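There are structures below to look over.
Shared between the two complexes below is chain A, which has chain B as its partner in the first and chain C in the second.
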Partner chain A sequence: MSLGLDDGLAGGTGAEAGGQDYLDGNALAGPLSEFSAGDLTVAEGRCENCGMTGVLATTRVYAHAPGMTARCRGCGSVLLRLTEAGGRTVLDLRGLSYLSIKRD
Partner chain B sequence: MGIISSGFRGRRNKDQPGLPPGQYLTESFPVLSAGPTPRIDTAEWEFQLTTETGQSHSWSWDEFQNLPQEEFTVDIHCVTSWSKFGTRWKGVSLDTFFQDVDTSHPYTMFSSYGGYTTNLPMEDILNGKAWIVHQFDGEDLEPAHGGPARLLVPHLYFWKSAKWVRGLRMMDRNDPGFWETNGYNLHGDPWLEERYW
Partner chain C sequence: MSSTWRTADVVEARFETATARTLALQFPEPVSSIGGQHVDIRLTAPDGYTAVRSFSVAGTLPPTGLEITVEELEDGEVSPYLVRDLTVGEQLEMRGPVGGWFVWQPSDTSPVQLIGGGSGVVPLMAMVRSHRAAGSTVPMQLLYSVRGPSSIIYRGELEKLEASSPPLPVEYVYTREAPPGEPVGRLSPATLMPRILPPAADPAVFICGATGFVETVAAWLVEAGYTESRIKTERYGGTGDGS
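For the complex of A and B:
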């Protein structure tokens, strides 16, 4: 199963999608740069709950909260949580079976 | 890049009585959420309390409505720095839910429809400190604000006041919940600025 780039979620801006209460996964690019010099939003991940795969840019990101929560577009499960809290950035990836990125 | 979204731009007033350190006062009621808003039919709603023995106590919506109701006004404080004074609620004290419950565990984990969790010590939810509320400002609580019912623990940061609450289980240790595992304080007292790890 693959996450397609349909329903206007992969606009590359991190903007709120179609009046929904979530952003597209490109919104993760800035804070994830704390962990990698490369762009992790192009990394492919697998949802631990339903097995759907896709790049982080296609996840649904809920950002009107104490941190950012990226959810699977297939089942809605939490894939990733990212907070900037007390001078540290905290990343929880337990909802992902893996993250994969192609080497040049 | 700051990633915390408070949903609000307000005015800081260090001399404002009742305003904890580092907070701004707002007249609006920002909506914060880590996921989509669940729509829960009150015919399906249930609140369940599970003790360390595995015994469950549950209340349907009608049973919840028939419990002694309290109306009260409190200030609320969000960890993203907004505070709102004089919010008016109606609901049932946690003391009422625990009246016939036999437990010796000192901690609780509340859970919500949608999967959110937050941990709370018993000493922070009993003796008139916490409620399950279903009305705000004289109206049924809107889904965006946690309706049909949410936890309200106004003396702690508002992430502790779990929206769409569906139950709690007793714990013998203070395990962290959704945000507490990810950088936020296990307790969350706004007057002590217990925001982070």
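For the complex of A and C:
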């Protein structure tokens, strides 16, 4: 197997490709910083659907879904949604059983 | 409006390649960044329409500045503006630096293998600069896949780092056009493995590039016996041309 390397890349980690592609959960760090001063992308979460666990930074994020939607790498279920409406940012976490972070 | 957004002054702009430009930004207060972090930039049109995109931090300008390097994507909403239109003296609305996962901490003691495709080198360069600034002695090396010599971002600085003491080992993979005497080649496990730190070194691996690049390389590494939990990836939004 060989790889035709894609070096015609987007300008950054953002959704400059118009949503044809997904990003890493890394891209959630900015929006989630509106909810917590600590970085939540290093938090480990459990998928409510399949039980897979992993840090949010490794989920697949679709940036025009609308808003931002993070899906489980294992089963594809929606783990969380970030949307903006009425001057508020809304974080819908219903696809996660829990989030855990390391204590200092 | 959230207090997480702040305004930075664009104090310098320079082209790294024909399509990639570095912007130096100054904030009204001290700013720090760990190598690998990104900022979110928000552009607002006169009619109130906003677009937010993330861009990797390329390096810091202590105490109040940092640099980003932006690769222009032709049909992008934000990157053409940042590469072509924005001028020194203007301001940008920004959130961050953020991100705590795809980062290299100078306190890390394990060897580091950086693997970048195209503008995926930007956050890796931030790690290289942080490594140098900290005087870290842990082995760090870079494999950089580019279309051709003219698309090498930070070319002059990388040449200096390769020649410095201790040197930063840099391996280039040329996918379309190579300097005389160098192969043009597609990356494969056979061409990749001899040019990176071996699994026995148990390196921390950071891979950044387009989705296909990142996923394929990460899968090869796991297959070759690298520790999966030691491989961290960052995908760019662009689909690239796939060739």
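Please note the rule applied: the second predicted complex is superposed on the first by the 83 of 104 C-alpha atoms of A that agree within 3 Å, B and C clash if a C-alpha of one lies under 4 Å from a C-alpha of the other, contacts with A are read in each partner's own complex, and residues count from 1 in each chain.
Operating definition for what follows: a contact is a pair of C-beta atoms (placed from the backbone, for glycine too) under 8 Å apart; a residue touches a chain by one contact, two chains touch by 3 or more.
All of these numbers come straight from a predicted model, not from anything done at the bench.
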Which superposed partner A:104 touches (first chain B, second chain C, both, neither): neither
Chain B versus chain C as contact partner of A:55, first or second or both or neither: second
Partner chain in contact with A:76 - chain B first, chain C second, else both or neither: first
First, second, both or neither for A:63, with chain B first and chain C second: both
Contacts of A:42 with chain B and chain C, given as first, second, both or neither: second
Partner chain(s) touched by A:21 [first = chain B, second = chain C, both, neither]: both
Between chain B and chain C, more extensive residue contact with chain A: C
Partner chain(s) touched by A:30 [first = chain B, second = chain C, both, neither]: both
Footprint overlap on chain A, comparing chain B with chain C: 21-22, 30-31, 63
Chain A residues within the chain C interface of the complex: 1-18, 20-27, 29-31, 33-34, 39, 41-42, 55, 57-58, 63, 89
Touch list for chain B against partner chain A, complex: 1-5, 7, 30-37, 79-80, 115, 159, 178-179, 181-184, 195-197
Contact footprint of chain B on chain A as seen in their complex: 21-22, 30-31, 62-69, 71, 76, 78, 81-88, 90, 92
Of chain C, residues touching chain A in the complex: 2, 4, 37-40, 52-56, 68, 70-73, 75-79, 82-83, 95-96, 98-102, 117-120, 145-147, 151, 173, 175, 186-189, 209-213, 216-217, 233-243
